[in-house]
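What follows is a group of structures, each given as structure tokens.
In the two assemblies presented below, subunit A is common to both, partnered first by subunit B and then by subunit C.
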Partner chain A sequence: MNCVRKLLLARELSAGRGILRQAAPGRDLPWLQESSCAQGFWPVPVRSIRSGAALSRSDLVPSARGDKEKDRGSRDGALVPFDELFERACKEDRNKASFSRAVELFCQRDIRRRGHIEFINAALRKMPEFGVERELDVYNKILDVFPKEVFVPRNFIQRMFNYYPRQQECGIHVLEQMENYGIMPNKQTKFLLLQIFGEKSHPVRKYQRLMYWFPKFKHANPYPVPAALPQDPVDLARFSLQRIAADLSAKVTVYQMPLTDILDDGKEITQPHIVGIQSPDQQELLACHNPARPVFVEGPFPLWLKKTCVYYYVLRGEPLPPEEKEEVIDSERNFYYPMQLDLDLDRDLWDNEEFYVDEVEEGPIFAMCMAGAGDQATLAKWILGLQQTNPILSQTPVVFHLTPGPRELQVDLDSESGEEEIPQSWHAKQEL
Partner chain B sequence: MSGLSLLLRVARAAFPPGARQLRTGGLRSAYAKELFLGKLRKEEVFPYPEISNEELEEINQFVGPVEKFFSEEVDSTKIDQDAKIPPETLKGLKSLGLFGMQVPEEYGGLGLSNTMYARLGEIISLDGSIAVTLAAHQAIGLKGILMAGTDEQKAKYLPKLASGEHIAAFCLTEPGSGSDAASIQSRATMSEDGKSFLLNGSKIWISNGGLADIFTVFARTEVVDKDGAKKDKISAFIVERAFGGVTNGKPEDKLGIRGSNTCEVHFENTKVPVENVIGEVGGGFKVAMNILNSGRFSMGSASAGMIKKLIEMTAEYACTRKQFNKKLSDFGLIQEKFTLMAVKAYVMESMAYLTAGMMDRPGVPDCSVEAAMVKVFSSEGAWICVSEALQVLGGLGYMKDYPYERYLRDSRILLIFEGTNEILRMYIALTGMQYAGKILTGKIKEMKKGNVSVALEIFVNKFRDSMGRKVDLGLVGKDGVVHPSLEESSKKLEENIYYFGTTVEGLLRRFGKTIVDEQLVLKRVADVSINLYAMTAAISRASRSICIGLRNHDHET
Partner chain C sequence: MALSFKLLDSIFLSSRCHRQNALHPLLGPLLTDCIPKLYSSYRRPGTSPDNTPPWKMNFSFEKGVDGIKKHFGILKKELVDHWKGPEGYPLEEYLLEQTRVVWEFRSQKDLDEWVVSSDVEIGGKSEAYLKLGKNNQTALLYGTLNTEAPRDGETEYSGYCAMRAKLPKGAFEKKKYYDWSNFNSLYLRIRGDGRPWMINIYTNPYFSHQKDDLYNYFIFTRGGPYWQEIKIPFSKFFLSSRGRIQDDQHPLWLDKISTVGFTLGDKADGPFQLEIDFIGLLNDRAHTEEFAYEKYERNPKV
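Now for the complex of A and B:
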């Protein structure tokens, strides 16, 4: 019963094969020989669909296409390159709806879904263009393009050998792209894969692996970056500063809002934003700082939030000299119990749980800020703002150590940025 | 009432004070510290300390009237509701002499020994607020003068304090300073003529702060070091309210012990004469530590007294209430609760009197570790017992119309004041570790250096332990000090002490002096040692009762 059905199905699918074969017989043959050992059981009907797929994908096909075929192509639109299909579908704009339309167009065109592998590959390539690379239902729609039940192995020998390897590979490609974009498959994906490839096929295995690892990794990052970053530079700065500071008690202060104003004399004035952060601990540290020693404003340092790069500046002091660092615990410190034992014994080696850390001496960081511009005048305003909460800053010399900015990222945008000049535009540059 | 106190004084005078005046001799390291070495100093705890017949008679004369006073004239419910001890009750307490229980007779106090003090504490604790008021007055408030004061200071202040004419308070805690001496902000500056200090600062949560006339205050003073450097150090002062500049806030509203007066006390340019420094200038830290360490032991008997009263009340209920035609007391689960309460009370009592007895012995015994153990054990035991008692009472215990919930509220403070239990655990463990470490350092160092014979000795010991060694620290058997019927328990105790010793040694070997930072380990060490001490006390007391054939001695095992 099974065999008869299979035969019928295969014949149906192979209907279109003859034409293609005629069109490019030279390319077809090596394919046949190469894989005949693997597909020996149903040689003819099985081969038919595969050769069709192989041909239409190759670069040679369009040029080698015969007249007859062209006629056919124009008649039912079967062999237009698939990229065109997408171009056609998106006349107005590229979005999810137009992408779905293209997929539907392909599905309606031909009951046998000829060339579905090529179409799927093209669709996967086109996804970012249409902005649907993170849509689960679009992936499911793409998987739905595969003809159902044809590629399900029906006996142990088929199961033993790689049944329809290119289709399986293509299915894996779809799942892989989902994986790369961090899309978790759902029940429908599973259902489709089972329908297309059957149990224990490679794509289903891939699906199972995804479902094993994804939930484990999903919440692995304790500090997730939200999918959509704030657009407003001040909000973005606030968010990123809180992220770096990693201190819930740290307080963000907006020292200056961004402002563009035209003066009376027609001169345009732009006021960059300045957003700073300081925690109570840092305030205390700064209060204990010896005003005779200078503090430094350093930067810019990059911070990547997904694909956005922002730059920040720090106010830091020199590393403390060793004589000021040690805090001696007074023996008369605790009314209730001794804080130190008067013993000549150290910790055993086996109980030393400290890792070996190569410690680099660093000075304390007193505050951080992000600004719309990296010039000294702007940062001086920040320091001025800090003086209100940290009076000691007004007595402490502040040295500006500003590097001219990230040059390697600068090249294409602003090739002639000089040493002195710090461009205004790179404070929150969007890549891509 | 004054006639009664006169009677008491006469009774005191009738007995020669010689019995308790024999307190001389060197400082002995006490029993608990030896536990950390895995040793049992049986001569310290066996036999269980007894008091002489005269003392017994004397204490019984005190106990009677005090008990009568508490049962007849103290209305605890009213004290709790009004958050105030009525003046007539205070007057009664004063006339009983309860404000000067440990003040020597020459200064007008009762001059009780620690044991007798503990016995009276058992009764006083029937009302939490009164107990705390009295404790704040004499266990810490005037202790400074008593322990470290000069004769002039004693003569000037103690008589009035002992009679209760003046009430004392102990001012250490500040808004920013609990147990950290470095964050004390109050400051005393020497006046130009060098005759007095100007005291400034504020203290919080001062028991008796609103009632007191005499304060023991701790403040920073500038002290010139030996090498000429100026340094801030803590000094202790006796401050009279009459010195001026002393104000106090309104009494705090508390969960329990509501009748006791707790409030803020502020000192503003209070002029304190130089003669009122307790100890020496800059020596306040030691004074504070000694006061805190000495005030704790009585809490054991106090909790035991409270629980015994509670058992009495609960048992009455359990024996009358019937469910399913059965008395509550016939149910196994209820009986289990009573057993727990009785055992806890017994152990608390044993620990408290054992410690008091040790402190009463001639010499200057250092029993601060034992006292801390008693405090931790009894405060936690009291909390558990009260909670169990409430469980027996069911819904009744939860109602404000009945006195039971007040016991629960009152007993909660026991875990917190006079050093929280966590802090005291650190004290117990670290003091013991320090003692053991001093002695074991040599041995451990030898072994770490690779001394074969020491290492071999340790290995052989370990091997014998694992083969199931018999530990014999000499409690039973020939020359044994425990009654043979307690052999099983004392064997267990010996074994536990031995293994505790090996554990401590192992910990010292592993952590050395960095054990200070291993608080979780220290907590367990403290718990073990507290339980060991509790076992010792219980066995010692039970053995004594069996030996002298007390009534019901078979109930004690």
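Now for the complex of A and C:
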């Protein structure tokens, strides 16, 4: 019985090897297909190295092919043999259903799942296109393509010599893609891996590592960003402003809602959203600000929330010049010492936890905002709104230091948007 | 006697540790061109190795004299420091200190102690630059991240930017290490743009197969105009080698620290910036954890 099984295995192996060679041109270059712009592009010389093997496959395994070969159609010219399978499966649109249809199509085609490594590699590449790169059950489905119990080593020699290395590598690739997208495997993944590769195989080890490290760092981020950011720009602005304000008492104000309206004369007007934030501390700082000195609107500064970048603007003052700073009267010049009592009784000589560095001097920050448009008119509306809660702002000159926003940046690098009063130091400040 | 011992020691150590720079300790001050090679031993696939014979390298007598002056200056300082106390601090100060500022960024000289690199080394397209921030007070690390992998047939992923402190060197290019065993936390004052960074600590590789080992942890930046003070206990650092987290973890050896670095690789294409005020050490006595990860063998061998 065992003997027969081994014979079958051997035959299967030889057939499988034929397929491996045949698909070799596509297989070796997954990195090329992975890069987004390289779809459908292929330099000729590299490919011609392998074409010899591809041609000789027909005489190597004549019997292993058969009628299945015919339905693959014009695949000799195809670089990646299984891409067309996905193309055929998604007649209407690319989604999870059509992706799993393609996987099922492959599984039904051949009971021995010939060429499954190439198929899995192609599937992994295609996942972002179908938008299923974060679906755990799709990954499980892909692992399900592997034939079961064939690659499980059955004696110590097989276990010693890296049994079916290509298949194991392929399994690791699947897990690595899960890792890169931050998908935590589940019980079913483990069950599948055990069934396919057996315990203590490399993919199972990889699984164990994922299961050890992922939960450890799951909550390491003290400033978490939700997986799906709010779609509404006002909600997004509110979320990001609360994040950067670093103050729970800060109050978010929506100064203007986004609006698109068509006037009677057919003219279209759009109102960008303006959302601002100000904490009581900032309000207090602004109230203490000397109205003779200007305040500055600066921006846009980038803020990254995972892979999206939003921009915010800051209202700030200059750092105080040395003559305006309040002088601290030390004990030796003060008759009424101590002015304030600051006793740290539980502190000792070695309890000093201060760092001896020069303070970084920066102007105070009075408010922050995010707007749908970065032009000066929009930001002036924000300042107008701020004046209601901070009356001192109506007496203070406001200078706009705006660097060209992200959109203007692509068109013309030299165009600098509005500046009311031109400060000398403006060119030194480069916003990146 | 002490001098000759130091010389011998430095020659022995350096030639043992730098394969490709075996000539360095002797000709070190005379060679002017081979410094960049120190920082990366990576050779891109498809490029031929650099086989410039030593007699074709740039020799400059003037620089040699400068180098000898410099090295004897360092040697003198080392000897004097050794007389004063551990690491040049008086003993009572050394015993009582709870904080220490290791790197601060206040001038161009401070920036010169750092090396900036990006995936351009492996053929990628990211860019990273380091300059002084506003009012010349802080270091601003900025650039763009690009995750497009190079088309060389081997590289699968790309997209990182990194900054690393230069290796501490004693007189005559002798390797030196920081001894941070008085402290248990790393303290950073930074301002980022919301991207997560990774902080890497490189320690003395005792065996050559450990030369790619790094101890890492994450820095999560909040973004926004406010500074952020981050305290990372050394017990949280985990061991990785060549970017892969390792199975058998063990705590950092705090008396053999070589350098500290920052890496960005969050797979988000676009501009980034990180402002660093200073990097310090702190002895946080409320923190008693020795190591945050299991030290027993989790994946027993077959």
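As a convention for this text, the second predicted complex is superposed on the first by the 285 of 432 C-alpha atoms of A that agree within 3 Å, B and C clash if a C-alpha of one lies under 4 Å from a C-alpha of the other, contacts with A are read in each partner's own complex, and residues count from 1 in each chain.
Note that a residue touches a chain if its C-beta (ideal position, glycine included) is under 8 Å from a C-beta of that chain, and two chains touch if they have at least 3 such contacts.
Not measured: the values here are computed from a predicted model.
In the superposed model, A:Arg205 lies in contact with subunit C only, and not with subunit B. The larger set of touched subunit A residues comes from C, when the choice is between subunit B and subunit C.
Of the two partner chains placed around the shared chain by superposition, subunit C is the only one that A:Met368 touches, whereas subunit B remains out of contact.
Contacts of A:Tyr336 after superposition: subunit B is touched, whereas subunit C is not reached. In the superposition on chain A, contact of A:Thr270 is made with neither subunit B nor subunit C.
When both complexes are overlaid on chain A, the residue A:Leu345 reaches subunit B alone and has no touch with subunit C.
Residues 350-351 of subunit A contact both subunit B in one complex and subunit C in the other.
Residues 96, 98-99, 101, 104, 106, 134-135, 137-138, 142, 148-149, 151, 153-156, 187, 193-196, 218, 220-227, 245, 247, 266-268, 270-273, 277-278, 280, 282, 293, 298-299, 302 of subunit C are the ones that touch subunit A when the two sit in their complex. For subunit B in complex with subunit A, the touching residues are 172, 179-182, 233-234, 285-286, 288-289, 292, 419, 423-424, 426-427, 430-431, 433-434, 437-438, 441, 444-445, 508-516. Interface of subunit A with subunit B (complex): residues 330, 332-348, 350-351. On subunit A, the positions that touch subunit C within their shared complex are 28-32, 34-38, 46, 159, 180, 200, 205, 208-209, 212-213, 216-217, 220-223, 240, 243-246, 301-307, 309, 312, 314, 316, 319, 349-358, 360-362, 365, 368, 429, 432.
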